[in-house]
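Data block below; observations after.
First chain written, first letter: the chains are A, B, C, D and E, and each begins at residue 1.
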């Protein structure tokens, strides 16, 4: 299972604590002023905030949609990475002919598949602006690590190593010409998925649109108590708080969803997905994976401790 | 025909029984209080719940849209599985050259196609968190079952067996190099469809959004009787119930549609689709399929009895 | 030209005759009661039906959108079938090398292309739940018909015959290995388009959503006359009828569009498209097509008489 | 540059002249009746037309969306035709090996590329129901023209000639087997784009939906002056005209966009795009293109004179 | 990192300076007239501008959506260009066999990869209507520059040089036949991305739609102060300004987003993306890139100085 079913409610509410406190005080002050001084002139017709609420809901719904699309595209790209990693491993195992059980071929297969696992971890970490090669030392040889370090974009370097290995395999006769080209196609798909993730990571959501919605939200909240005070009296306070909580939550969620590689609980679970890839690919290599897996998990836990938890 | 035309109305209403009873009592209490005590102050202007209803309809429509998209994508992925299974079987039959009607080649074809049927059943069952290999014992050899059991993800193992068989077929000269690569492409498409299903299964719909809509719904229902009581009097009670039934139904439907692999009547009919694949592929193998089919149906019926019925 | 420009207005209005009559009587009764007995208490504020109308329009617009998407996807799939049929015929003519103008090769070409025409007719008819092989007797040999009859899904059988013919052509040296694989790809695209049509045909649109909209429509119509009577008096009657006609029409249209293979005037014109395929492919075969076409048209006309007319 | 930046405002306003005149008279009559006879009973609450305006805007926005999608798809298909034409020409130049600078190969290349230019013109003209081969006489040989004339669908015939030329090139050893199959793929993409255009051309937008919106628009305009007369008095007249102009314009635009191959100023600029293709392909052929281009432009201008101008 | 996190607020506000000043004066005049002359008849019911605001928000939201789609498609196309450039370089390095470390092959590789970098710069500049070959003199040979200058569309010329180089490489035996066809496919993908950018650049957004929205916006602003004056008095002035600022900003943003290649701060950062491509491809060539990079940056800075800054 890739994802925890729920984000802790406490975590979610923690995110909007400030907003709730400010709005509560504001709603109470309005109610007190109205009731103490019978300053009824401050009431405004309820249709003003009601129609603003309609507009706001529309805009929030549209924006959630676009943010959701970014998040879902990111998730789909990582789904494609899972598929293509499995496909690549399957091709390495089924294409490479190994009649004499040569240890050289065995080694080639293992290196290739472990490098693919390293690629997935490295891409996830570089998207999150963490050290891209951390934790891949067990999966790569010293030469590969040295080669990758020379590059700004480490996953690009690993794909180049993949392609280079295919060239060698063709020269040694382990694969034929069609198989080389076909596996290169799988590398191209991995390259496309990587580029897609970078595009989402590096392209900011249009700022004006977000600002406009936030501004409309503040205006709406400012007018809301005056619209409700006449009909609801003191009951206005919980009503205002409830409406503000739900609107703020939905705005916050859109903000989180629109940037799916930011080490937040709602982002794409890249480490968890990379772990699934490692599990499947190691089982294909017939390794006793479980012991190793728990070890790795501990390590990952350590270096991500309290920084983020998976959605 | 893949799907039953209708979900039993009783089943659908059963899902919202609790909501209907609670709301009925609530609506009656409001009407009684209003009429008995002539406590008219509790009436609120009808525009408040009316505008809330507009907002709610908008949000429910947007959410149904997104849930519908997930459900339709799941259905499309299983449609692709049907297509690719037929394509794979067609390729196994038309690509594999068998000049001497060798029983070895015959056996290869049968094993390959039956394994593909097993793959479809196994994927469906693992998506529903049932035992993935149950019911595939007739379709797989003992070796294949043993191989697959070693894997956490059984369908991945079966695809690897497919790929391995292609390698052997190439070595024996039953297929040529282009055909191997081309059939591998079909395996890749199956692998992609499988990964797509896992992505939908393992990615939860953003929780906050659902909560927000549910919260808005409860607030709307709480205010509705007070808005209607002045104009409609006792006629308010059936009106409130009718509105609540329809809104609850549409919310429940969105919840069901957004998780299309959960053993519910509205989910993707994976078993039924797998059965269609079995029927078409067995007919391609020229097997007398009908007898066998009814037997299998009984068996499937047995182990899914009263757990779910197909939409 | 594939489609008639207009559906007869009479046909369209015929579909909603009952609704119009019932609503007219209802609107007249309300007006008479109001005017005769001066029973003005039955008037309700116009904002109630007006806001319900907004909600309803939103939901109908969303639903029309989804129904339109299904219909357009079906149309796009048949567009793809046209393209792939032309591509397949072009490949059969240009790939198959025929240096000695051998009659065997000529026969192979003709059989292949006519079988493709038969496939298109057969798919269209099986989607409409008509006899799938009716009208294809002229296009297929007796052996092919016998082969296909053994299958539940006839178009799958015809694609298998295509693939088998390619195998034979490769063995005889009429095509080379790359050409076989490339034409197989075209078969795969046809198989995908077929599977897409079956998916749309066999997957019902979520029932609850439709029910909810219909229920909201009935409620709206029931309240409408009471909302309009005060301001419009007797002019309420034509206004109510006009609004009901337009809303019912749009609901009916969504119902028709969402099931695009049901022998209705608005469904996908599969027979007409298949006829276009036949015309183009026969011209590629250099057959004098026109005489034959008119004959076929008559026949098709006969067996579809008054059952449906093309949109 | 493919498209003129603006449609002449006069052209646009010309399209809605009748509507504007009728509505102006109507608005003036209402104002005169109201002011002269102090017949104030005809005023209706402003909320009636206001809410109808909301509904109408929603429906118009949805419909514009769908019409815009058709138009954009048509534009995208012609964009694909540009891409694939360039790709095809590039492949003809780079794939065909010509060691002895044989004039036969030179001629083959020129014929192929000019035929592709002819294909683009011919497709554009047949989509607009103009004579498909007009203006392609310079680009095709007499044999090719005779071949194409036998076909109902001329562009299909030209693609067949392309495919046939590839067969000959393979036989003569100018291209190898992989290159033939690869160029055939480009032909398939051209065939798909052509089929997509025909699909959009031949499929009418659901009539009922358009009728419903038009009906709602008329009803809205009929009620609008009565809603505005009380508050705005004579200022009602320009307000009504302004609102009608904008709503009619947006409805007209949707009608134009939804049929993108109808010789209207807003349709897909097929001739202009075909000219771009000709320019690029002739430059690839190293022809002195400019002189010829201006000649052709004149000619095209002549036979399209005052029939349409490009958006 | 590809993009600056924020557009300077000053830049954004600068764009709507005129609008804000005009509206401020207008709002003040209305307030003064109302308060000084107690000319209360000018107040209109708040529901008129409120409902217009709803319509306007809907239309703006829809339009932002479509503009956002164009912008996102442009960004996606440039993302694809990044991916395909990396893929092409990887293929040049891994496909080209170079057993004797021949300097000729080395030179071929370097020329190919640098030409790809030049292609990216050249496409970006021609989309922005700048001199397409400026700044590519270091990356291309004199012959290549001369060849490209003959073409109207420079990037098309560079792709033709790519294809020609592949032909030569095949002839010299550096790549095999499958590799040539496979790399040609990558060229086709680059050609498609280029065509997609040209399509977005050269196709104007439907003018009427924009005009309609702008007209509705002006009408709304004209009526707004009269709707707010009664309830808010002088507080109307900041409220009107605030609403106008946010609506104008969102309209401006849509206008910017819909034309993503216009040298504006919100357009696609083509130069910045091309620089990323150069960095990655030079590192693949094992060049000491950093020195060179800073030099180029200066140069680019110079010739784009104060013309635009990246979003």
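Note that in this section a residue touches a chain if its C-beta (ideal position, glycine included) is under 8 Å from a C-beta of that chain, and two chains touch if they have at least 3 such contacts.
Fair warning: this is a prediction, and the values are worked out from it, not measured in the lab.
Identification of common neighbours of chain B and chain D yields C. The rotation relating chain D to chain E, fitted on Cα atoms, amounts to 70°, rounded to the nearest 5. Computed centre separation for the pair chain A/chain E is 25 angstrom, with centres defined by C-alpha atoms.
Chain E has its Cα centroid 40 Å from the Cα centroid of chain B. For chain B, residues touching at least two other chains, in rising order: 47, 51, 54, 58, 178.
The touch graph of the protein chains shown is a ring with every node of degree two. Traversing the ring of touching chains from chain B and stepping first to chain C, the chains occur in the order B, C, D, E, A. Those residues of chain A that touch chain B in the complex are listed here as 1-3, 5-7, 12, 46-47, 50-51, 53-54, 57-58, 61, 64-65, 68, 71, 75-76, 79-80, 82-83, 86-87, 90-91, 93-95, 97, 176, 178-179, 182, 186, 231, 242, 246, 249-250, 252-253, 257, 266, 279-280, 283-284, 286, 311. The touching residues of chain B, counted against chain A in their complex, run 44-45, 47-48, 51, 54-55, 58-59, 62, 66, 150-153, 156-157, 159-160, 163-164, 166-167, 171, 177-178, 180-181, 184-185, 187-188, 191-192, 194-196, 198-199, 202-204, 206-209, 211-212, 215-216, 219.
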